[in-house]
Structure formats: C-alpha cells, structure tokens
Amino acid sequence: MCGIIGVFNHPEASNISYLGLYALQHRGQESGGIISTDGNEFYSHKAMGLVSDIFPKETIDRLKGNLAIGHVRYSTTGASLLNNSQPFLINYAHGTLVVAHNGNLVNAEEIKHDLVSKGAIFQSSMDTEVIMHLIAQYPEESLIERIAYALKRVSGAYSLLFMTHDRLITARDPHGIRPLVLGRLGDSWVVASETCVFDLIEAEFVREVEPGEILVISKKGLKSYHPFPPRKPANCIFEHIYFARPDSVLFGDTVYEIRKELGRVLAREHPVEADIVIPVPDSGIPAAIGYAQELNLPWEMGLIRNHYVGRTFIEPSQSIRHFGVKIKLNAVRSVLEGKRVVVIDDSIVRGTTSRKIIKMIRAAGAREIHVRISSPPTDFPCYYGIDTPTRMELIASSHSVEDIRRYITADSLGYVTARALNDAVDANHSFCDACFTGKYPIRFPGIESGQPRQPTLF
Amino acid sequence: MCGIIGVFNHPEASNISYLGLYALQHRGQESGGIISTDGNEFYSHKAMGLVSDIFPKETIDRLKGNLAIGHVRYSTTGASLLNNSQPFLINYAHGTLVVAHNGNLVNAEEIKHDLVSKGAIFQSSMDTEVIMHLIAQYPEESLIERIAYALKRVSGAYSLLFMTHDRLITARDPHGIRPLVLGRLGDSWVVASETCVFDLIEAEFVREVEPGEILVISKKGLKSYHPFPPRKPANCIFEHIYFARPDSVLFGDTVYEIRKELGRVLAREHPVEADIVIPVPDSGIPAAIGYAQELNLPWEMGLIRNHYVGRTFIEPSQSIRHFGVKIKLNAVRSVLEGKRVVVIDDSIVRGTTSRKIIKMIRAAGAREIHVRISSPPTDFPCYYGIDTPTRMELIASSHSVEDIRRYITADSLGYVTARALNDAVDANHSFCDACFTGKYPIRFPGIESGQPRQPTLF
Amino acid sequence: MCGIIGVFNHPEASNISYLGLYALQHRGQESGGIISTDGNEFYSHKAMGLVSDIFPKETIDRLKGNLAIGHVRYSTTGASLLNNSQPFLINYAHGTLVVAHNGNLVNAEEIKHDLVSKGAIFQSSMDTEVIMHLIAQYPEESLIERIAYALKRVSGAYSLLFMTHDRLITARDPHGIRPLVLGRLGDSWVVASETCVFDLIEAEFVREVEPGEILVISKKGLKSYHPFPPRKPANCIFEHIYFARPDSVLFGDTVYEIRKELGRVLAREHPVEADIVIPVPDSGIPAAIGYAQELNLPWEMGLIRNHYVGRTFIEPSQSIRHFGVKIKLNAVRSVLEGKRVVVIDDSIVRGTTSRKIIKMIRAAGAREIHVRISSPPTDFPCYYGIDTPTRMELIASSHSVEDIRRYITADSLGYVTARALNDAVDANHSFCDACFTGKYPIRFPGIESGQPRQPTLF
Amino acid sequence: MCGIIGVFNHPEASNISYLGLYALQHRGQESGGIISTDGNEFYSHKAMGLVSDIFPKETIDRLKGNLAIGHVRYSTTGASLLNNSQPFLINYAHGTLVVAHNGNLVNAEEIKHDLVSKGAIFQSSMDTEVIMHLIAQYPEESLIERIAYALKRVSGAYSLLFMTHDRLITARDPHGIRPLVLGRLGDSWVVASETCVFDLIEAEFVREVEPGEILVISKKGLKSYHPFPPRKPANCIFEHIYFARPDSVLFGDTVYEIRKELGRVLAREHPVEADIVIPVPDSGIPAAIGYAQELNLPWEMGLIRNHYVGRTFIEPSQSIRHFGVKIKLNAVRSVLEGKRVVVIDDSIVRGTTSRKIIKMIRAAGAREIHVRISSPPTDFPCYYGIDTPTRMELIASSHSVEDIRRYITADSLGYVTARALNDAVDANHSFCDACFTGKYPIRFPGIESGQPRQPTLF
C-alpha cells in the first residue's frame, strides 16, 4: 500500500509534503520520497525508512520550490528496493514528468509485454512505469490527452499525482477504489490520500477527487476532466475496516464511526455472554467500543501495545522462540484473569497471529475467549493495492469458520456477514468488497468480471 | 528516567538484555547500552537512539558471554551525552566493575565535593560515578562490604545492577523508591526495572528486590544482605500514575488497575454531566475507563495518536506554526461534535500541552470540555529520578486550580485529592507522593526532611 | 571518467569485481556499483563513495553468483547523482540486461531527441541509456545483432560491458578511444579498463579488446564479432599522460615508460640550467625522472603529498583562506631553498593550481622556478569522456605560453610539442590528441570532422 | 602512536585544530578528537575514523571557543576503543582539565597499582589517566605544581597538552623523546607534534617545546617552567627514520634530509653494482634518492602505491589468498624487467612484508634484488610510544642478517650500522636508538637502565 501527497503553490511545498507523508505513514513504512520543483530544476530525495528518519532538515531545505509531491510505500522485500521507490521522474519528449501512485493495475503485465515487444525498456518493477510509457508514446501534444489515453489503456486501482515544472495533475480510477482528497491551505492546493493530512497541516477539506476525474491544478486555477464513461463506484471497503486512519473522513464517512458501527453490527449478529470486551489495538478499538456499547458490556485495554517496535527485530536464535506477536502486544493479567473475554479484531488473514494472541490471553487467565471479527471472512486476495496474501494463504478461503475457530483455539468465533457489512456502510455508496465476496469490479485481461485469477506480477 | 536489566547465566545474555531494554524503552529513549562478560573479557556497546536501532544483530553477536547488564536512559540534553550513558565500567583495585543505575542521589554533590577535595577525578556528570568512587575507596576486601559502605554514604533513589566477571549484584535503596524485580528464566536469573520484561522473555516473576536489599547472584546461588536499618517504604507513586507500563505489576499491584481505580476515585470526587469520556492516549486510557464505568458514561477514543512520531520533527519555519501536540494527536470530529466531553489525563505539568489539546477538541466541535486529572496537582519537583521541571515551571505550584482551568480553557477542571490517591493505592504500601505534597522522604544534605530545596546538579 | 570490470565464471565474481574496482578507483571516486547474477536473480549495490567504504563484507556476500560487472564513476555534481550511477539494469523484451560504460557519446542528444519524439522515456541523464533504448528497439532476436545495431547508431567513445543472466559481452568503439583489456584467471574471464586490475587479482593479461570488437563470453567460450568497418585507431593520449595508472600497460605500452619518455622529450625541447628537478606528485613523477635523466640533473621529492585528503574539506570561514593546493601538497624547504628548480607537471588546465604550487615553492626559498609540462598546451575540451572544462576555462585556449607563464609566475615555462608527443608514443599506434590539436577523430552530428563545437549535454 | 595539537586564542580554534590533525593524520588513523572551550562550557567530539570523515562542518561549528586541543591516535584493537580515545576530560577539585598525550609511560602500571590500592578508579586503559589522577591528588592549589608533581612521578615519553577553561599548558618529558613544537599564528599560539602543521595553517615556527619544559600559555602570555633536573636528550631516532612526515623539521633537522643522508651512508656502507634503485614508497623515497645519488645510479618508482587503500579490506575467502602487500603496492614490469634492482626500505620488522615485496619485484622480471635498509636492524621493541612488536616477533632480534636475507629471498641485504646512523644525524643531538641498540634511556621500574624487560601493559 502507499500514501501520496501533492502541494501546489506553497513556499514550503516540500515541508508540507513531509508533514503530509508523516500523517500518511500508516499507509507505508518501507520507503519515502519527495520530489519538488522551483519551475526550473527538480529536486529529489528518496530513501528506505520512516519519514521522520529519512528527511532531516538539511534535506527538506534542499528540496526547493513551490510545487512538490511525496510518496510513502510499503512493499514486500525485493532485489532492488530503492529503484522501485517513488515519486518516479522521467524525461520524455515534452520535458520532465514526475508521478506518485497509490493502487495497483491489473493489466500492467499485458501492456508491459506489448510495450517491451515494441522495444520499451523498464527499469523498475512498478506498474507505474507502464503508465509513464503510455503517456510518453501517445502522439498528442497535450499532456492531459496523453494522461487520459494512458489511463484508458490501464485497468485497476489508481490514485495518481503527476507533477510538471508548473502543474499538479491528479487522477483517480473510474471506480474510485483508493481514496484521494482535495484540500485548500490559504492560496495553496493540497491533494492527499486521506483527510488526516489536512487536520495536521490545518488545510480545509474541499472535496474528494472524483472517480474517473483528471484534475489539473495550475496558476490558472483548477480544471476538471472526465474522460471516462461513468462506472459504478467501488470504494475499497478494507480502507474503512483496517487500512485508513480512524480520524480520516473516507468516501464521505469517518472511518472511526464505520468501525464502531461494524462493532455494533457484530454484536447484533454474534452476541455472547461475557464479562469484558477487549480490542486488538489499535485498529480493533472502535469496533470494540461499538460491540461493547451494543451489548452494554464493559470494554478495556486487555492488550497493551509496545510503541517502540523497530523494523528489525532480532530474535534470539537458541533459547527463546516464536516471539511473534509478543514483541508488539502484552496481555494484562489483572484485566483478563478469570474473565469471559470478547476479543475484537478487524480481520483474520493467515490465522497465526490470532492464534498467538489467544494463547497469550489464555495464559493471562481468561476463562473463555470469544473472538469477534469486524469484517466477513477474507476469502479472496486483493489485486487493487492491499498486500493480502494469495488465496492459498488466506485461511478463510479454504477453511470453515469452525475450522478457523479450532485453529486459533477460540471458544467461539463470529464474523460480520457481508450483507450486514453492506448495511452498515453508507447506503449511498457502492463499495468494492471483493476480498470478502470475490466479486471483483474490474475485469482481469481476457477474463470475465467476477472470475478472478492471480495475476503474475512482474 | 532510566530502565535497567541484568541477566545471569544465560547463553544469550546480551540478547535477553536487548529484549529487556526493548520492553523498558518507555523508561528512556535517548540512549541505550549493554555490557556483557564471558568471565574473562568485557564487551560493551553504547549509543544514542532507540534500542531497536542501535543494536543490529552483529552488535549483539559481539557482546559475548553468559552475564550481561543493560540500560536505557532519558535525559535532558547536555554537552557530552555519550559520556554519560550507561552501563558504566571501571577498573579498580579488585578488577573490573560494571554498573547500571536507575534513580537519583540527593547528596551526590556533597560526596563528590569531598571526593574531589581528596584528589578524585570525575569523567562524567552521572551521580553513579560517586558510588563507584566510594566502592573503590573503602578499605575492605569484600565487594559486598564495599557496596554496602558506598550505599550507606549516599542518599536518594537507586535501583542498581553491578556486574563483575562472575557475579550479578543488585541493590535497591532502603525506601524502595524505584521499582526492581527478580525473575527466573530456566537456569538463568533476570533482574529488571519492571515485570513487563518477564512477560516478553517468558521469565517467571519471583519477587521484588526488597528495599534496602543487596542481592548477590553467583554460581553458588542467591545470597541476600540487608545492611541498612529498616526504613518506611516510599515507593514512587508517579510510577503508577504515569511512568511505568500499564501491564507491569509494580509494588504488588498492576499499574493498569491502579490507574483505573484512580479514574473511579476521580469520578466520585469530580462527577460531571457529560455525553462522553475520552482519554489522552495512551497513559490516560485506564483512568478514563474507570471514570466512565463509575459514572456509567460511554468512553471512546476521541483523540487518535500517531505512532510514527520521530524524535526530530522539523517544524516549517514560515507558514505553519505551533504544531506542538498536533503532530502526536488528532481529534476525531465525529466522536466529539456537539458533545459534552470529559477529557482524562494523568497530570498537568506546565499546562501548555493541555491547553493545545483542549483547543483541538473544541475545534472538533465539542460543546463542553471537562478536564479530569487522575492525580493531585503536581506542586513539587521530583529529586528522585523523574525529570519533572522545577517548581518555577510547574503550573500547579503557583496557580490555583481555577487559574489553571482558565489557562487551559476548560469548562471545568478536577484533580484527584492527595487523600483519595492514598486511599486508592494499596493500604499495605507506603508511597512517596512528594511531587504532590512536598513531603520528601529523604532528607537533603543539611536540611530537615520535608523542606526541600532544589539541589544544584553537577 | 569511469572504470569498469566484468567477471565471468568465478565463484566469487562480486569479490573479484570489488578488487577490480579498487584497483580502478583512480578512474572515478564519486560512486561505485556492482551487479551480479547467479543465472536466475540479479543482485545490485550502488552507492556514493569510495569502493573500500561502500562495499562492506555483508554487501559483497549478498551479491551472489558467478557473473558480475562493476563500475566506478567520477562526475560533476548533479541533481540526482545516485540515479546516474552504474551498472545500469533494464528489463526489456528479451529479459534483463545490465551495462557498465566508460566513455562519452557525441550524438546521444540527437538520438535521444529522436527516441523521445517516438515516445521513449528516460530516467537518467546518462548517454548509456540511449544505447539501451536502441538495443531494446531493434527488431531482431539476437542480442549481438541488437548491440551491433545500437553501436552503429551511436558515435563517440565507449568501452562497454553487458551482462545477461549467462553471458558477459564487451564492446569497444571502432576508434578504441578508451582502454579495455581481457584477462584470464584460471577458468574465469575478466574484462577491465586497465591491466593493473590483473596484477592485483593475479590474472593473466590475454589481449586488448580490439577497437570495433564485440566479444561474447559464455559457457561456450569466446566469440568475437567485428560489425563495424575498420577505422583508424584513436587511442586517448591523455590516458597515457595523466589518467591511467602508471603501472598499467595501455595500448601496448607501459604508462610509466611513456611518461618517462615524455620527460626526456621535454628535456630535449626545453632544457634549462637548474639545480634540481621535482615532480608534482604523483602523476608528474615518471616525467620528472625522464627529464632529470636526460639532462643528468638530480631529481627529488620537493613536494610532499598528504595521503589522507578527504573528499569534504572544511575551509575555515574567517581567518584562513585559499588553502587550495596546500591541503594536498607541502613544499620541503631543505630541498628547495636557494635552488634553481624545475617543476614537472603533466598538464595545466585552468592555471590556478600551478600558480598556487609555484607560490608555495617560492615561499620555500626556491631561487628560480622553471615549469615543464609533459604534454602540449590543452587547447580543446575532450568530448570522449575526460572531464576537462570547456574551452572558455582552458587557459591555453585563449592565452599564449608567455601569458600563462606570467599568470602562474614561473621564471620559464615549456610544453612538449604535439609533434614530439607523437614521436614519443609508439609509432605503431595512432592516438587521439584532439585536446591538443582540435583534430577530433569522431564527427559531431551535422558537422565536419575537425570542427568541433561544444555539444549540449542533457 | 599519536599526534596532538593545541590552539590558544583563535576565533576558529577547533577548525585550526581540525586542520592540524589533518596534517598529523600519518601519526594515527584510528580515532580522532577535539575538545574546545569558550571559557565557560567545554565542547567535545571524538570518533573512530579519519579526520576528514569524522569532523563534518556541523560538528566543527558545534566546537565553539578560542581554545581547543586535538588528538589523533593509532592503536592496536581493543575492547572499548572509543573509551580510550583522546582528548581526555576530567572534572576534579579545581574544575575541568583536558589532556592530549603522545608517548608512552614505562611506570604507569606501578603507579596505577598504587593508585587503585588507595581506591582510585580507572575508566580507560590509557596511561594518560594515571597522570590525571596524580594531578588531582597532589595537595597544592597551583595547577602547574600539580602537573610538575605528576610528571616527576611518571617515567617515559610524553608530549602533553593540557587545557583548562582559559589556559593551554604543554609539557615534554626531560628526554624530549617525542617531538613537540611551538608556533605563532597572528595573535594565536599553536602547539603541535610536527612543523608540517604550521606549513598548512601558515603559522610561524617559533621553537621546540624544550625537553623537561612546562610551558603555560594564557592571556598573560607565555611562562616557562623547568621543574626537572636536566637530562641528556634522547630524541626518538625512529621519528626521523620512519614516523614523521618528510616535510617536517624535527629536532632541528628536516626529516627528508636525514633520510636522504641515511641513503648516502647506506650507499657507502653497502654499495652494490646495480642498474636501478627503487624505494618502497612513500617512506623509502628520500633514502633511495640519497643512495642513488651517492652511487650515481638512476632511481625510479618501480613500485606504485594505491592511494585509495581503505581500512577495511575484504579478502576473498575461497580463491584468492594472501593479498597482503599487493593491495597497497604494484610492481612496474617495464622498470624492473631484466634489471639488477636495489630496493630501499626504512626498516624490516617481521620480514613478511619485505618477503612479499621481493616476490612481487622478482615476478616483474628483476634479475637481482638487493635490499638496503636505511636503519640498523630493529632488535628491540620501543616502550616509548611506537607500536613495534615484541622482541619475539622482531625478526632481527633472533636472526642474523644472512638469515633475514634468506627469509626475504633477497640476493643481498644491507643495513645502516648504528655507528653510521649516529654520524649521520646532527652531532649536536643525542638520540634514543634503543630499538637498535637496546640502550633504553629511561629505566624501567626496579630495573637498571639498559636492561629492558617487556612491561606488562594494562
């Protein structure tokens, strides 16, 4: 997953971008980058690590200009990590173009195959590079037409920021899968993945960038293009369930409230006699509140999170094993001992973490452990940008709820149903819930919609 | 403040120490160090930064041996920071001695003056160095007698770990101000500042190191000495209120439970008609639970904490100002809008942070804001190891509760009373609450107890 | 300037590459990189800095496989330095291709213009990227034909190493401007910029890669292609005069001997009555020996070089100024005092360094200072890879020898003549001496040979 | 070995110190440090590495004040390297005292034993710490008397710089073993190990700090003390032969000239029929010049030195072995092939390096190899600061010249005789040549002069 920010017409554009990335750090902790321009030169810094570590003041000072875009990224490990970090800068026939991308294309491989067969060279394994090739190849003068052409060729999820020496251009796929919002900060415009950025920099939220919109921000003001035929929106439901920050307003609703409502729904669908409700912190907290409120049960913090978890944890080789979740969470015996405990989590992926958490809670003296998940079983992988494992590894894709309960050693296990999930989220919206239903809104190349296959990623 | 750990007879002593420091990181984020011994050589690594950053695997591998002690430290900035980091190693008449210290001495300056007048040289500004000089100078063969002599000379708070090439010796001041606990891990012994270490490394909690005890751990087993006349215990109440981790068992009670109970007490002392209770995360959470439960009010997470706050935050110079607390916390409008909100925090120091938090909550639409503090007003500085500011800077030392309320712009403000605080904590214990009452349990040199002055620190 | 090395079929290919780069460090101190392959994956490390600093053992260990190429690079500062570092890896229609390049193309801009007009995108400012695009675009299956096509399109100086998952391919421009040599190390093949690499790794020198040759090294052995019409060789004379290491055998001659012979020639052309001959170390040493031997004068080390010159020298801001050459060189008074001194240097570029050296020698008491330069006046810039300044900055391009003498404050000044230079170097060779004569062997696009213009570099 | 510099009354004292250390880098490459004072605070930076790497501009800027001392150090590896780096700062009865030390004490262990038996603690393994204890313990108000007392107690070689908040105090042992010179830079005073510092910073050489002198530099000017009874000087002859920079004026003579004269002496004592003389660079160059001039033979650079030798060279594990000297030096075949070669080196320690060099020269085609050493056989270890190995490892202490010749595989081998060495150096001086003669000028504790034993170093 990734987080993006673009700043137009601000004297400290790179510093605002830095703050924005900092507020979006939860969307990607592996690498970060900012490219700025003073209308003449382009200034770039990309590095592996957390935003607060990789952008010392001297670096920010070096990133001059009123226009900047930034990017944070999480990805599985690969051979040439820094090569794949963004923003991504190219020189092409019409000058310099910079891009930052959140999302994932489903037909990148096909287009790439086509491009390389015609002689294109690729220097990264990012699907974003495919978009840049398409933009560069289209025989039109206008950048907007080139971008529109490129985006018509690709399928998938994308929230995009382009930067030239004097324009900030943002685009969102016709389904609006990943979030993208527009804000105003005095005379400056800011585009970001989530509204929590605006809270931090004290910008005013203006509106979402619309699904299928290409929005050009220049000295002449804002100009909006809608080159695509309208599609049914398919906002990613998993942003609400897990990914986004709870204080963000996403697709029109506060994430926190959706999560709390899912807790209520869960309580109605899977009530249980219990002494206490505890969340798996931090993402499980709002749902735990909703669940507890609905059943009038007390809720407490029975699991304490260590805030200093580093990225490189060294596990002792000989004598201590399987730290796993212990390095992040600890159970509070006095809260749990002798209690019937409801544990609220947002999802179960492979099941191994849940199993360890339950073991820890039971070791702390819990009498009964009832696991409640504030989403339906995750049966299908996401091809639109969330790094879920393949179906093979998703425990829910091949096991019944009872199987999973036994594996994680819970006394009971309940998920929100897909129907209840749909009722819980705003009726005016239409979400992508393919990870629960397998109903993928975007076709894979050569396949009918709704019949996904695992694309071979390059 | 500091955190310490000692490991005896473990094949991966330095790795266990590393894990222990990791669990104690909340006690000091500025620098960390581990010194180990294989019975022959001593191996040392000390550096500025977080434990997970400064101990790469190669470094841990280099710290050989079955015996190790570690230290994490927070301190205000100074000229030669690394010089002051611990553990601290000396060579003296009887070989090598290593020490790690949590606490603060009140007569270090006087003893230091005496020592230097006799020709001693000091290479750091740590009061720990005073103890080492006293140990080295006492004309006795036995290290235990030397340590006992040194500790009889010093006054103040200390939880100490000493290491020779074959022994781990731990000592705690007669008042037991700072915590110190003994655990067992198979055939190994572990001594640490808090029990959360034992949870992580799966050691068994054995008992507290007793106030006034010197405990020697060697191949021959454990041997305990009590060289001091018994004193009335004076466990630091502020460890319970703020400093320790909520999952630790401290002075016989779980921190989490004490905090929750303080919330209940607070509710009884300062009830208010409200719609919602919110904590200032993370330390205010248990008290918020207690407060809400007592008054049967809902509690929610109206403030979201950013978990990626780096140590060096760059504030934009020109256009954005006074980020202060915003970089750490954000208010959730949907939770707060139109509500009468009770905000639970553990203490008010200078008042500036509270003022910013309240401004943020009000900007998010709260109708009324009632601040409740789960401790009495902090009138007096701590001389026993907690880095509170001087009285001059403590807002409560010179302002009435009403003054403070006005300053922080709350609609109402209530503190737990000192009496209620005492009732809330275990009746069997006797705490140091000097920061609230000014009743300092340990005399300053030349002054009567209870009449503190600000010691000149060297 | 750059240095390159390729290693085929060696179990420690990346380590041999590291050693090779280390021996070639004089060809580029700014950045270094190695890419290796085990036939399956490609492993890469590139960084700014000296080879001995940027390749710790763990990094070398990570660069697995029997096949590797390495690159060191010097370049003027630019916006995105690391982006421009080599080796350079692309994915294209036929898999992965890695390249390392020493030299400079003169028609890269024209080809690039053509490529981008057809939609190509460029991610660096290296002319090497042009070659990669041409290779990728040519509609032929065979990589050799693709490479041949690409090299026929480009003009300029290039010694190239290509690597696929199982082949090492090396190519040299038809004029053979930059050096490139082939060596054997047991069952392995090594290709490198200079023979000093073979001395270090104890490889056997086999032969030069021939001008215009494309040499393919694979499991099947060596296969040589000569796709270009034969051209008159034009080996860079400045490699002999300054750039290459004196212990290398270059274009058939030992650099040291050529330099010494130039000293002899210089002595014959510009003898002087003097007490002592001193070189500007280290490049001036062999010419000083030749000069001294020819005139039967003593030669000594009147200038001492500091071997610890770092890349970032901090000049005091207030009181000490214009360190310039003093940080690198110091004059030995006892050698120089009262003497008539001949100072031998290889070239004068801007004249500022010579002026400072002469000032230093005179301050050390020299009675007369006669400067002798072991090459003709540098009138013209190099477009084939040596980072000489533009004509505007070359003092010799706009000033007479007498003007230069006055500027550098020498008592006399003599250069080797172009004719004598030609006589001095092996008669069987034909060199490029365009920097002295302006006779550029390779035409610039659209211009007749011998009428150079300053190409606009992108 | 170490290098030291002190700067008094200069607005950029730390920057001048940095430049001084840079010029003294040959005296110690392992660690460096500077401590400065503005009369109030002390500012310190010490780190492992080369001066040009460990003092970035920000660090120099942080080291404020008009008064500073610096230190570079070479030492064999140890457990706690940074702990042992200098300058060394203590707080004692009379404030703060900083010291930098070049040399080695012979009775430090005895005094340390005495000090620790009285209760002193040691935090490093530096003998300098002994001096600081003695200064702190002496019951006198005056710092000069304290220093005099301490220096009367210790025996050995020391060139010392002390710094208080307002004074720079320098002292040299009564034998004047290590060099120490005083210079003037405008209104500032500079004290340094060698005069090459003055050349760089453009200071004027005033005089040597005299053997046995304590020189106090304060706002009141210079004040000199001579608390010791006069001793026969014993300047270290090995500074001239190997250690000092050739451009330094040492003990009244230019190092370069002494070395050249030793070459002449060597030629007279061990002439040989040969075609060419080559030095082992760089220390052997002046002696090679002298040797060649005396016999009227040509001298050339038959061995080329790689200037980019890093401190951490990674030797390939499997296939290439015993790089040793090859990574630093390469032989030039064209210079050596078929020749009778005289190789001039300054000394032979273990013999292993010489053996490798000769092997390399022979492999380059030399017909005969005659090794000439510009000093007598190194029979005895140095206890006064030069890190020669113990007698056990010194090949000359247990082998005849003929044995050594055979071991290093030379055709002939000649050393300068001790008598000729004495004649060669200035007759007005009296040198310590204990490494050649075993006549140690300073007694070891409890032993008669001239009968050395290996002191146990702590």
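A, B, C and D label the chains in the order they appear, each numbered from 1.
Just so we're on the same page, contacts are C-beta pairs under 8 Å (C-beta built on N, C-alpha and C of every residue); 3 or more make two chains touch, one makes a residue touch a chain.
The structure displayed is predicted, hence computed values, not measured ones.
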Far-end chain from subunit A, centres as C-alpha averages: D
Distance from subunit D to subunit C - Cα centre to Cα centre, in angstrom: 37
Distance between chain centroids, defined by C-alpha means - subunit A, subunit D (Å): 61
Multi-partner residues of subunit C (at least 2 other chains): none
Touching chain combinations (by label order): A-B, A-C, B-D, C-D
Contact set on subunit B toward subunit D in their complex: 41-44, 79-80, 82-83, 89-93, 116-123, 125, 132-133, 136-139, 458
Partner subunit B, residues of subunit A touching it in the complex: 10-12, 15-16, 18-19, 22-23, 25-26, 29, 50-53, 55-57, 60, 186, 196, 199-202, 245-247, 249, 254, 256-257, 260, 282, 285-286, 289, 293, 298-301, 304-314, 316-320, 323, 326-327, 330-335
